[in-house]
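To keep things simple, chains are lettered A, B, C, D, E and F as they appear, and every chain counts its residues starting from 1.
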Amino acid sequence: MKPSSPANAALHIGLFSFMIVGLVTLVFHATKDKIANNERQTLISSLQTVLPQDSYDNDLLNDVIKIQPYTIYRARKTNQPIAAIFISTTPHGYNGDIRLLIGINIDGKITAIRVLKHKETPGLGDKIEIKKSDWVLGFKHKSLSDMSSAQWAVKQDGGSFDQFTGATITPRAIVNEVKKTGLFFQQNQQVIFQ
Amino acid sequence: MIKQWKFPGGIALGDHKQTTEIRDTALPAELIYPLLQRSDCYATATVYPGERVLKGQVIATQKKPLTTPVHAASSGVIKEIAPHLIAHPSGLTDSCIVIETDGLDEALPANPCLDYHLETAENLRIKIAQAGIVGLGGAAFPTAEKLQALQPIHTLIINGAECEPYISCDASLIGSHAQQVVQGALIMQYILQAERCIIAIENNMPATLQALHEATSQESIQIVSVPAIYPTGGEKQLIKVLTGKKIPANSLPTDHGVVCQNVGTAFAVYQAIIQGIPLTERIITITGKGINHPGNLRVKIGTPIKYLIEQCGGYSQNIQRLIMGGPMMGIALSSDDIAVIKATNCLLGMTNNELAESQSAMPCIRCGDCSTVCPAELLPQQLYWYGRSGQLEQCQDYQLFDCIECGCCDIVCPSHIPLVQSFRSSKGELIIKEKQAAQAQLAKKRYQNQQQRREKEQQDKIAKAAKRQAAIDKIKAAAAKRKTQGV
Amino acid sequence: MKHYLLLLISTILVNNFVLVRFLGLCPFLGVSRKLKSAVGMGLATTFVLTLASVSSYLLYQYLLLPLDLQYLRTISFIVVIAVVVQLTEILMHKFSPLLHRKLGLYLPLITTNCAVLGVALINLQQAHGFIESIVFGVGTALGFTLVLVLFAALRERIDAADVPAPFRGASIGLITAGLMSMAFMGFIGLA
Amino acid sequence: MQFSTSCSPFTPANTSVNQLMRQVLIALLPALGTMFWLFGYTVLLQLLLSSITALLAEALCLWLRKRPIKVHLFDLSALITAALLALAIPTIAPWWISVSGTLFAIIIAKQVYGGLGYNPFNPAMAGYVFLLISFPQQMTAWQSPFLFLPLSDSLQLIFSGHLVIDGLSSATILDHIKTQLSLGLSLTGIQSSALFGNIAGKGWELISLAYLLGGLWLLYRKVISSHIPVAVLSGLAIPTSIHYLLDTGSANSALFQLLSGASLCAAFFIATDPVSAATSNSGRLIYGILIGLLIYIIRTWGGYPDAIAFAVLLANLSAPAIDFYTHPKPLKQQL
Amino acid sequence: MLFLCVFFALLGLGLGYAARYLKVQGEPLVEQIDALLPQTQCGQCKYPGCRPYAQAIVDETAEINQCPPGGEETIAALANLLGVATQPLNAEFGETNAPAVAFIIEQDCIGCVKCIPPCPVDAILGASKQMHTVIASECTGCELCIAPCPVDCIIMRPLAPPPGQWQWTTHHD
Amino acid sequence: MANNTQTIIRNGLWQNNQALVALLGLCPLLAVSNTVINSLGLGIATTLTLVLSNGLVSSLRRYILPEIRLPLFVLMIAGIVTIIELLMNAWFYELYKTLGIFIPLIVTNCAIIGRAEVFASKNRILPSLIDGLAMGLGFSFALLLLGAFREVLGAGTLFSQADLLFGEAASHWQINVFDDYSGMLLALLPPGAFIALGLLVAAKNAISSKL
């Protein structure tokens, strides 16, 4: 085989890539809006797992504030702050970080929590996923002020939250993180809803 | 006592030895001499059927390297030179000189030499070569060859370890001929100009040790008794024990200033130089539960085994196997219709209960016991795995050819794997492969030569044709010219 | 420093590309019959992976991002990778023809070795910086080479084993990879 | 006269695989006895379950492969696998744990490779890791020591699982320490807890000593050589000691590490499995040290409190490479 | 977008140059393959000798399983060299026979010299009208001399090693 | 190389099955085969890519310079995959998310470039399309088997999360094969994927040798 001239090769690649990139660009433009919409929709529905859709009327996705270490979505109804959704992370899981979505009403009640990401042992620590068990539902409507601080702990530590069989570390990490986030919310409401 | 070292591996075996007086044997009706010597070396017959030969007469010579002459052990007539079963693991037949003895035992005149110090080393070596002496320790390597060292030799070791169970021919030789063995050793020391000479025997033979001490009281020879661990008698192992030197693979003891010779060889050297008689006899241990009257016999080389066994009262009932050599390294003979050769040191008739009941081999469990006992520091299990799966280059990488086939690994293997057999066949495969490669190389060369030649012929032909054409053209042109001119 | 070290351990052991993330499996199973070719393949891959990781990072940061062409990332990464591999191949062909022949089929396959594109994409996904991209590329390659070499040695032994007929070849290779992957789960939690 | 021929040597061997395996089984008796004394019939039931499963699975595979069943079944290696697995899983685990673990060990980790001698991974440990990953909940709940259960309770517990007894299960000491350390407690506090014995976990020290006893017997009978045990123990003890000297607050002493968990069992019974270990002496030292080190590393920073099985499997998969790079090139190289 | 295409084209340019300037010379592979072939030169592979067959393998116009004298072993060696899977010998090309050498039954030989040219390694000695013989140590056993003989006096004799060349074989497994 | 349709199909589905015999394209195969639905999704995407890329390569094969053929193949495949990726992103967003980077990684699925190189660049369009389809179906077949095996063993279910692919209506297609099954997690984790594929290949070998 005799190699053809480099310029020829370059021309070929250039031509081919032009064709293909062109095609891809066409498709990209055709799907762009739909994809953006999908992404938006997903985020919203994820937030809605901890805060019912009818409880607010603002555009959650654009009402967001970052206060280290949290990302906070602010929910308002008729411009009145009614709740906040926290994305927060605890490093105290059995195998590293657990990322949580925590919804808290303006009165300090937990609306709901979900686990976004974790590396806990499958079969032991992963019961924090809503798919595996409804343990996380136990946080609904719990309020920090309702309970003495000591009760915001797993049963083994003298608190009122169940741990699940064979795993204490994971639930403990979550309970503590929710408590910490709740306290943060109580103390910084002004700043958050500025 | 001189300092001793330890060689790696090895095992202690039960000795089963009975050192007895040497018995003489009667003259057999036939003596049989195979022409095949070591591995692929053949001696060349110098007699023809019908010829009468005398005891001590050369019947085959060393035309090829690494062969030694063969001498008739008694007088008689050459009956035939024909294929006959030989003492070889293959169980094949090969051409042998057969002498029908005449019972006269008429010998050629001996050529004694009273003081070997008057001879040059070279002369003595030639005498040893002409006496047909080979190593009697088992390998039957031409002794004169080993005595021609290119390096200065500092130590001569006379190997009387006899580490294999059952064998006691060397011990009984020392028992009755210690003086002569020592003389033989001194001759070799003289030839080699070695600084020291050590005779080594295993430490479980006090009587032999005593005999040796008496024989050497005058001499500068050191007697060392070495631990009875098999295979101390192996050349490299013994050198390690006595000198602390490791002889690396692919090199010979002579390269390191050491020569190792068997006790029987020393005796043969004594006989060849001092008495002037060639090697036609040796001591053989005939033993085992399968033999009725075991003992050490002085035997004419070439004697059929069947005859020897008769001399020992025949077989006992439950004989199972007839082994030439010891139980660790000997070869199992398929028949007793075979003659003893120079290398035969023992005939062992084994019965059922002495033998390994044929337990079926289990897979290797990689326990590593085999490598613990391997005196060559190999990894027998790896050699076995690679050999089994046909990965022969790997075998070579793991130094298959360093294996001395001592059998230690084999008998400690809890899985009862016939390791030695596996190694022998891997070696065989490799050798055959190498041979095939050489053959292919030869064929390729000849083919290329032929092609070149043909091409050249072809070109010559074309050139010739062209030339002829040119000549014709010229003539034609000339003719045409003439024609035009003529017109 | 500690951060990079953890990243390295994580990519080599905890999230080993081959055994945990499932990337680069074809060459892993294909070039692991002989220890020696495994070492060669490992080296070639290390080279390609590191180069690919860096060049795709640069490409993305300085060409795609400014031009707002993120959606073309797959295409442009793969082209860059193909070029890197082709160059490696040409160089190797010139300087070590036998190695080239041995790795023959697999060299172009490095292009299509998901590990290479995987590195580029994961770099993006996890927003690695420049040094992180290098560490990640090197770590991935070392992890790949490590398991490839161990696996090749294992397979040489298994080749000599008395494996039942249906399991011989790829099947036992996969089961072995599975058991290796099981063993690698022991590293969970290290980083 | 004609004779049969064969290859030398002609001396019979004085050991056999069966004999070796029998010695190992005998050496496991002290540990078995201690565990029986600590936990009662549960441990015997587990042993019975896994042994029967192992033999049946082995027989089935041999039959499928058309191999002589009797010879290979009575090499006893399957029983060692079964025994080590049974001693390693929590004694109160339900019956299907021992059964499925043994099946995995015998079929996937051993017979698929050709049976005895060919498996690159330690079957018992492969089975154990399979269980630990698949059923972490059942595999982390240990019977509390000194809670001797009578036979009827044991049967009910293992086969129906509906027995409720207070304080039946607890975490192992290594697991417990890991949990407590994660809470930021210091070791001294932990060491005063009820789970703690004189040196290591309550009761566990005794089991470890029983393994040591059996191991010494194996050494004495020359069933195993000392390379691997010594290497494993020093590979674990040395880094532990250094760590301990640097940081007494969060690190355990070497003695603790050696006596807790299955360290001694691993050193004498598991890492020494000849089939899956490295084969030359220097290779075995490296192999053993690797195991010790991995145990230390995973125990200290990893997610698995005891780490033995993982360390062994990781070393198993390195063994062929270790062999390759350590094979002695005896005499040639020294020249 | 155009920018990217131009960038790609530039890369292509570089590649083209690289391919040209780093083009490898020669193909030592042929030699390596040839070295693995048995050099019987029998032509059973349908090529006029081992080397042409080696060339054909390099050119990928022939499979590696066409050499009967080499048999499975040669195929395995080739597969290993080329890094491809082994395959069984293609029966189309013949089957592997035990090694043998040609032998001329001398009393039948009429001295026609027809057997001499086909022998690829010049292993046949003889002249017109005289008895011919085969030099056994040089004969490759290719059987090319058999067909041309008008009186069928050439036979193949299996090569049995003499005891001196005998080797152990494994009886197990 | 026989090019009749039957041979091509048999080759793709069984004889030369890319996943079970050629062992190409293993990464996505192992990575996403933890449920039947994931398998199905990836199978469809891969088959589509194979058909399109085979077709494209085959139709353009005359214009491709040999020494730059690989970059060109890769370019085409990458284009096709990006288009599929964009389409999936638009219409099967959830599935797109679960399959993760394995969608763009279809580009590097060794099976695809392998077919382009071995088959499509040497054959006409129709056989190439058929080859792509057969290979793709063979690959999907292996994916599905593996997905089913792992899902049943690992979780005791089949067709869970069918809504990802078939919309809301399919969300209760889930079949619980065993009731009260706590699940064998190994099957869902990486080791399980390897071992399951190993067993599958062994089964294929056993069946092939019986045939």
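Details
Rule of thumb we're sticking to: a residue touches a chain if its C-beta (ideal position, glycine included) is under 8 Å from a C-beta of that chain, and two chains touch if they have at least 3 such contacts.
Predicted model, so just to flag it, every value in this text is computed and none were measured.
Shared contact partners of chain A and chain D, listed by label: C, F. Relative to chain E, the chain whose mean Cα position lies farthest away is A. A comparison of the C-F and C-D interfaces places the larger number of contacting C-beta pairs at C-F.
The most distant chain from chain B is A, comparing centres defined as mean Cα coordinates. Note: centroid distance chain C to chain E, computed from Cα atoms, is 39 Å. Distance between chain A and chain E, defined via averaged C-alpha coordinates, is recorded as 69 Å. Averaging Cα coordinates per chain places chain B and chain D 51 Å apart.
Mean C-alpha position of chain B lies 38 Å from that of chain E. Residue positions 3-4, 8-9, 12-13, 17, 20-21, 24-25, 28, 94-95, 121-123 of chain A each touch two or more of the other chains. Shown for chain C are the residues in touch with two or more other chains, namely 71-72, 75, 79, 83, 86, 157, 162, 167, 172, 175, 179, 182, 185, 188-189.
Touching two or more other chains at once are residues 67-68, 71, 75, 78-79, 82, 86, 185-186, 189, 191, 195 of chain F. Considering their complex, residues 19-26, 29-30, 71-75, 78-79, 82-83, 86, 108-109, 111-114, 116-118, 121-122, 125, 165-175, 177-179, 181-182, 185 of chain C touch chain F. Interface residues of chain F, counted against chain D in their complex, comprise 182, 184-187, 189, 191, 195. Of all residues in chain B, only 13, 89, 91, 165, 246-251, 306, 315, 319-323, 325, 327-336, 348, 350, 354-357, 359-360, 362-369, 371-372, 376-379, 381-382, 398-399, 402, 405, 407, 410-416, 418, 420-421, 424 touch chain D in the complex they form. By the touch criterion stated above, chain E contacts chain B in their complex at residues 34, 37-41, 49-50, 120-123, 138, 140, 162-173.
Contact residues on chain A toward chain D in their complex (touch as defined above): 92, 94-95, 121-124, 165-166, 168-169, 172.
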